[in-house]
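Take a look at the structures below.
In what comes next, subunit A is part of two complexes: it sits with subunit B in the first one and with subunit C in the second one.
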Partner chain A sequence: MEQTTQQITQERAQQTAQTKLFGTLNVWKNYGSKQVLKGVNFSLPLGGIVGIFGLNGSGKTTLLKILSGLDGRYRGSVMKKDFDDVAYMSVEGGYPMDMRVKDIIRFFGKFCPQQNTEKILSSLSDAGIKEKNTLLALSSGMKQYLKFLLTVYSGASVCLFDEPFSNLDVNMREKIAKTLILESNGNRLFLITTHELKEVETLIDGFLILKDGRLSAYYVGEEVRETTGKSIAQFYKEKVNG
Partner chain B sequence: MEFKSNETIASQIVTYVKKEIFGGRYAPGQKVLPIREFAAFCSVNPNTVAKVYAQLEEESLIYTDSTLGKFVNPDAKQIEQKRQQYLSAQMSAFRAELRKCGVREEEFIALAKQSMDE
Partner chain C sequence: MADIRNKKLIWYEGVKLLLLPTAVLAAYLLSFCVFLVVFPTYYKVYELPHAYISFDKFAETMLYIAFCVLMAVYVYRSFAYKKLYDKVRVSPYALFAVRLMWVTVFCAAATLLPLVCGTALEGIFKGIAPKRYAGFAYNPLFSLLNRNPLYCLFPLSVAMFGAVIAAAVSIVVNAVHWAQNPWLKIVQAVVWTIIVFLLVFTVMNIPYHRNDKMWGMEFFFSYPMPFEWFTYDDFMSYMRDTYTTLRFCAVSWRIDTWIGWFGTLAFVFMGFASTALFRGQINDDYVYVKPLKQKGKKENKEEKNHA
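And then the complex of A and B:
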């Protein structure tokens, strides 16, 4: 069951004749004297939904920022083989509060030629969010949903979602889960960090665990369930505390 | 959909679909949802549903039309045969459980009748 990332990469690459790969080579990162990432290695073929699990403070957000290209201060390298477009849904805000929803969508569209603007607009209107509203008029959950939509409908080959489900009500969480399922395919990789595993347990193809500054091997979700008889949440709990 | 943790998601959905077919809620010849849409309906990974459909197809409960999509087997007789097989397997398992409590044939039938009257 425990396969190296390399084995998985090879198998999945063979299955789909897929050559696009995303990963890191020996990534180290420190904040002052605190070493957060201590040689992170992974390599995943593009396609599917993959979880990155870890406790609070394990460095999930740090890793995603590096993967997104937002944080360039690290040692090691990020590998993007045969593609270049990565979208990132951050936890933090960052847009001016007096900006209108439609202007933000247009702004992102300039960087994302493949943006599915129609889908963003219809999803927003389904959720009762008007495009002429400014961010100030949106609840924090609505802002988070907007960020999610901008990322998933960016058309990017790799989409990084940092805690997309946290602090959302049950309806929003369901909308996000369904959208991830409908938009995922064999050519796009969705990486999702979370510490609330229940939400993503059935959504993911597989997962990696970030612990003590390093990433685990790649685990296939259904194989964990089948071979251990445990839920992914239980399995993870034992791994992370073990 | 609620899932048990000690079984693969795929096998739990296979059982769910079988019950829908055997219960007549998915009628013979009826179109089934495309993989991605059924995955969204169950809130599960699309590859899981791909496996589910592959297994149901192997058991001749559904079939794929290369242009029109996936359908429940239109042969009602064959579905009924599969249903009988499924029910007798369920029944044997159930009886085996009750036998462990010392339930023999007469008591089994009495229990069944009693349960029907409740």
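And then the complex of A and C:
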């Protein structure tokens, strides 16, 4: 029996209602007199890899901090429908330098029960990072990679990555890209801010541009390439400078 | 968000916070065990009082060291582990409450242990040299023999002092974390340290009449520092000559006055208040859309608006 238009509409409405959504509603943030975010709105279903691009000082890190819950001083709302777990990989440190790698993994394991410790350990071993080392003994690239692994294998529904490719050599960049592809699925959303657009060109499903404190509409990577005939980097450059 | 009922948080933080101070207590206990063997065997009868006083002073010093180490670890963990706990979404209130709980528990234990050991030692002294003990005019800090039963509250007094200092430290740490530029952090650190120091000092030293009854607890409210900064006699004469006593050295808190109790509660409250003021989620909309089971009216409304 064929479904009527009304039934289909109802079904879609139900599906939409059941979809786990992540985003913001009218988020405003200022540092002193400087208004960084001016009513940021976006809403994404869980699943896939999404880039948030913007020039330096456009508020990408601020937005991620707000989304992660690390910064509570803002106006507006962060929307987390039907889930409560968000992991965040920050640019700056934040880990005590005297902690050993294994202690940090254990610490996160205690408070993130879904953490995949085995994968973290095997990835670290592949990268030549020893568990017994303290953070002080790791290079900035190694620390960056450790932070990435702790975030991606946290098991959180939403993972926020702030500049995951900075300070990394080509091998580690490749490893991160591979891991992101392998770990992204229909139930997990990866949000990435980066200036390395070429690095994420083929990685991301879509992207948002943060400019003048506001977010653009969501661009689907494939559609941009097909309709404009330009790479994401070229498209972004035009949008940002235009 | 992990809260105060999170057993993993309680045990993890407890172990990390108390590891070093417990090592100090363990060192004391080890020394006591050795002394327990040496005291009745090695010393001659006329040496016993001196040995006993020395060990009481040693216990006093160990209490100071344990307390200082505890506070040093407390300050370090408050600064260094803030971001780490934020990342795993442990509530700052829960963290403060858990740390406060462990500080009070440790302080009570760190006083109870030498108190029990000191009492045992005095009992042994009395047992092995009763004549010498009868002529012994020393008021040990850690002993319950011949004392008012309320002297048992010494651990409570130290526990309350620990809670007050921990709360005071948290106020400063929270204020420093709140500041976002380095200079402001320094200003916050200096200003809030002065403020909390003056507050603690004031509550500690609210004048009381020297003849007020303290029900046998006066000795642990104002025992002298164990170091040679000034002698015991100097301190006692200072106490005799002054109408009020300025306290700044004893690891203990006045529990015989309402001011002492009210002061403790006020500091703990200020600790939580500073957490809310400087580190709390000012924007309480953050998790306004919760899982379906926990939905409230407001959340449903917001969700509908969004849809």
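Note that in this section the second predicted complex is superposed on the first by the 224 of 242 C-alpha atoms of A that agree within 3 Å, B and C clash if a C-alpha of one lies under 4 Å from a C-alpha of the other, contacts with A are read in each partner's own complex, and residues count from 1 in each chain.
To be clear about the criterion, contacts are C-beta pairs under 8 Å (C-beta built on N, C-alpha and C of every residue); 3 or more make two chains touch, one makes a residue touch a chain.
Keep in mind the model is a prediction, meaning the values are calculated, not measured.
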Handout entry: Partners on subunit A (subunit B, subunit C) - clash or fit
Key = fit
Exercise for the section: Answer with first, second, both or neither: which of subunit B and subunit C does A:88 touch in the superposed model? Expected result: second
Exercise for the section: Could you look at A:43 and tell me whether it touches subunit B, subunit C, both or neither (first, second, both, neither)? Expected result: second
Handout entry: First, second, both or neither for A:79, with subunit B first and subunit C second
Key = second
Handout entry: First (subunit B), second (subunit C), both or neither touched by A:25
Key = second
Practice task
Please indicate which partner A:238 is in contact with in the superposed arrangement: first for subunit B, second for subunit C, both, or neither.
Solution key: neither
Exercise for the section: Classify the contacts of A:107 with the two partner chains as first (subunit B alone), second (subunit C alone), both, or neither. Expected result: second
Exercise for the section: Quick one: name whichever of subunit B and subunit C touches more residues of subunit A. Expected result: C
Handout entry: Smallest distance from any CA atom of subunit C to any CA atom of subunit B, in Å, after fitting
Key = 26
Fill in the blank from the handout: Within the complex, subunit A is touched by subunit C residues 2, 8-9, 12, 80-81, 83-84, 86-90, 180, 280-283, 285-292, 302-303, 306-307
Practice task
Write out the stretch or stretches of subunit A touching subunit B in their complex.
Solution key: 48-49, 174, 177-178, 181-182, 184-185, 202-205, 221-222, 225-226, 229-231, 233-234
Exercise for the section: Over in the complex, which subunit A residues touch subunit C? Could you list them? Expected result: 16-17, 21, 25, 31, 43, 69-70, 72-84, 87-88, 90, 93-96, 98, 104, 107-108, 110-112
Handout entry: subunit B residues touching subunit A - in the complex, by the definition given at the top
Key = 3, 5-10, 36-37, 39-40, 42-48, 51
